[in-house]
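Every chain is named by a letter (A, B, C and D) in the order it is written, and numbering of its residues begins at 1.
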């Protein structure tokens, strides 16, 4: 056992850390990790930062060099993600580097890899993920957006919902129905289509936290057959296989820790009933609890990353608790922080009295729905059936 | 023990339900959220015609002597309908305080106007270091030639920007006992030296203000109650207001429960309604438990106050419990609704969620009221039996 | 609505209260509510107390006078139970007065009622309930103990488990299989047989809390046909119908309150780190939380009792949350109390350093299994399917 | 980062597992619980032969310089096997303290005896107002003619009744800083003036005593470490012991998880294994999460101490978390097992339950360690980025 890092790993960590510290503005707080207020300047800044990181090779550090990566191992990729998380940061094109890119890498043709991956790794493009539909939420296989083969083209018709926050995506990563089958999973296919095709339209959906999600509509959209990723009708399985790693996200505990550090600073600086909050025993107990939970999740996340790296030796990942912990802890932590802030907690970004520029409030609002990647209930079914081999209901 | 509403209360409830369903539509609620006022003056006019703004006053001031229990019934319906208005500020907090403490002249002048819907009042109580105890009152009122000069800043003052007068809680004397030396004044909202800034909060309605008193001159006859003895009536007002907030949260919770059950029964995923799953059922049961329990602690507190029975403990328990139950209920609902409940444009859950959080922190948060409960516990005396000792425990 | 009691009810409460206060020994603590240490003196005392209460008519206060009751209504019965609970008391023959007696009352023949009920009401007998079996826990219908008709007799063979703590029961209330049917529920019948029949044997089962449960074995036990209660093969349904009321037990919040009062006394008298525990803010918060939860459960329990009394007007009981609350709160309360006691918490009855003579420890141990009357999981299924009408899995 | 045990550790684990499964049977565990000693001297002899009592010492004292991390592996297995012995008292608490702080003569005399299993030691630390901080030490040691006279009462002293010597934590000087003036003495267990009373606790093994020092005379050369400077080594001993308790709880939890999963898969009710129900699955998932997370926080703390890295925060987090996780895990298991898990005679869950609770309160309960975490947080410094301000938040 070893809970430290190698010299090389520490060096990589410092490089990433120094890069970010020097690039991030002084008045920065939680830029674009889904908690950024809508702000064009901010969006432009984050794209520029992504491009600079792309030059360093850190966007898709695990990919082979020929596709723009650095060929780094799981642990090193984990370190890059952790350092990003330390600043509550994420690349705008998270879909490209963490979700769709890996699918292309695993199931794409050589042409597709050469075409699609390097721009992602260089931080030059933005991709969006279009999976969820009004009737396909936790039941992803229920997808109804159709892709029908027509000569050298596929023709897309249908609707997608709850698409991420990218304003001007270059490509759309789509799971679409290509056959009516039982079970439903067997008739889905993955596509990566240019976002500017005629017939594609979208509109914003305002969310509880002030975030914007988008709805996309496909009206006889024709895309060249080369846009299909992997085998026809294997899309559901391929998506699952390439998604596995999203579940363990080292950025989360690191960004949770940053949030906590900022909140502790707030508690040191803020007096209630004439006394700094940090001196209130109940506040101290709550902060300590948060610190412990974040550490627990950090270890669970690293354990998963390590275990994924050991797959060759030990077989497929046995269980991953990091997502479970993240969801459990985030809810209680955000509530506890809101409780500590009292009346001030309801103030949002832009109010001069808003604690931490409203960041905690946004987190709390976001915590009302921690559903990216499937509901917590689905997560529990997976843990029960796959990790614990508990029986299924007859 | 009788857990049923009286016939009159049932009628009031039915009438309020029907009226608000018709008049306080989802689109109106959204309009009010976007607007500056925080309420609809037209609807305010209508509820005044229905008698809601005066019913709690004696007949001679234009009311029908409804009890606080009756008002709780009404507030449940207002919470259910997401109805926003300066009713709490005007009628419950200020109006009843004036009725209890004001001079005959003040009552005769103000209460009939309130009853008619012609006067809006706001309670200026909390400050930059907000507190619901007398120790938080630092805004100064200094006697000066038959008048008082008020200076200080009040924060989180509901409805101040639309009020005709402010009921301002001031400090007129320093003393070892913070409650000694607090005095109440009615301040004309257009007095020179008064300025308002709307706070940016997470709720669009129930607007709150920062109110700066910069040497505001108030005639001595505007004092409400006795010099230095203003805290006791203010504390009573906080109690009454807290119980009404509980009723509002309980009513809102009831609606959230209904919406959630409906969704659980009709939302189909994996070819079955999601409500067949025990994970989802658990959320629904917790919701039921939160909402149902909130009603009874609230009604018990309202009943105590209505009967002029000692109710400090019951009020404290009601707000402490209902705050937590409301947070829990909304969170459970979000778990069932998933992404759909997170989208501000689809359905009303996000509105209940945000309003609920604001209500939880207003007029005493959980920690505050739990401290009151602990204070009550200090006085508990352990009764012991009187029979002869038997030595069971040797 | 009314959260008080009538004059007559208050008088009844005082009578019961005074009776208990005068009968209970000074050094009493939580006698025989399942938390008594095994002690013959204690058992004899409790039987004697039951007999005296029987003389007053309070054991089965709700039964018609002809069967030894007082014909009191639901509320009055609730008051008697609440006053018992206030002293963490219960009658040893709880099975007779609350479980089996009501079944005899509802489904027994006139002869059975005349024979069985008066001794119960007079507190002169002890009954035991024998339902659970090794393979029939939550799945009560899976009962395999057989009763086979043979002339004027039934012949019993099989095993029962987790039978209560009565040392020398007079009668055994048995649910037995009388037919092999699908569904299994349709082949069960209720019996009330003398405990001294030949072929009945039992042995003690020691429990976590030091309590003793018993295991019963039936080896060709012949009992007269008159021992059958209600119709043949309707036993499961009849047992359910007569059990309904056990679920709401007003004694619980009252005894929880008594426990809390004793614990608060302990916190006032005990210093940790040189300071009384009651002055520790975290302890105060925990105690306040307990007080609120107990009040919530008290109201939920009374609401159920009231609602049962209104069945003629309002139809069958819609939902009962008292059991749900009891189980939820008891677990967290016992843990919190153990946490506050620290190292001393592990000391059991008989140690001179044991806080409250080890009563909290016993409660905590008991809370490891709050299963009397079905697991919490089954309770949730009932709440989901019956109270909330959520769909069943196909 | 490496979450795998080394080859040697895997061997140690395997050996310990096999040995304890064979030697520490359920019936032996029950026998030890019923006995007076709290352990089996035969088994103690055997583990000494295996080297477990000395392996953590340097070779010259009869050991093999195993690390604390190795010991954590061993303690996991001992926890799993419900193995009770004075190992923690003798080797970890006292032995390592002597190794760290004792004179060469003390080490040379005592450590080889410990290693051979010929010497049992007990740490006499906590008192009537028990505390894990120096402020709790009030037992006096007064110099007197080349010796010290010790007077005071120690409570919750593990294994004192079977120890050959006690390592007694005394106060030799009063000072503003409680840690100043604490001195350690080795006291012969048969010294005149020493008396022992076994405490009645919920655990039958891990016996604890009240130890009264009534003017016990101890030669000055029995002082361990420096006069007045005994607190630092005592605090280190508490840390090491706490981590071992964590490992014991984690190992026990692992076994509880296995037993529970097995029961959930094989216990049939309603014609299906109970593990098909999501309510039961939820319990199992929570169990997995509690147990798995405990392991990693524990191993991280053990690793830090093994590497001589600063580990105050990691130890505090490990014990704070593992305490709660253990309580939670046992409670979840009880929910799955229902009545079966509550019966002391059937299965071992009740033993794990009781032992777990005792371990939680020993060497610092959750509140204690969480306070340490809060103390660590006070020192956190918020790093800020260095780029130019951009005004995102205006």
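Just so it is clear, a contact is a pair of C-beta atoms (placed from the backbone, for glycine too) under 8 Å apart; a residue touches a chain by one contact, two chains touch by 3 or more.
Since we're looking at a predicted model, the values are computed, not measured.
Looking at which of C-D and A-D shares more C-beta pairs in contact, the answer is the pair A-D. Centroid distances from chain B, each centroid being the mean of CA atoms, peak for D. As a whole-number value, the distance joining the C-alpha centres of chain B and chain D reads 51 Å.
Averaged Cα coordinates give chain A a centre that lies 40 Å from the centre of chain D.
Of all residues in chain A, those touching 2 or more other chains are 282, 285, 349-350, 380-381, 393, listed in ascending order. Across the assembly, chain B contributes residues 277-280, 282, 367 that each touch 2 or more other chains. Of all the residues in chain A, the ones that touch chain D in their complex are 1-5, 20-29, 31, 36-37, 39, 41-42, 45, 75, 78, 87, 261-262, 264-265, 278, 284-285, 287-289, 291-292, 295-296, 299-300, 302-303, 305-307, 310, 319, 321, 324-325, 349-350, 357, 380-381, 383-384, 387-394. Across the complex, chain D meets chain C through its residues 126, 128-131, 133, 135-136, 155-156, 199-203, 210, 268-270, 274, 277, 279-280, 327, 330-331, 334-335, 338-346, 350, 353-354, 357-358, 361-362, 365-367. Across the interface of their complex, chain B is touched by residues 132, 135, 137-139, 142, 161-162, 205-208, 213, 271-274, 282, 331, 335, 338-339, 342-351, 353-354, 361, 364-365, 368-369, 371, 375-377, 380-381 of chain A. Touching chain C in their complex are the following residues of chain A: 280-282, 285, 393.
Across the complex, chain D meets chain B through its residues 277-279, 282.
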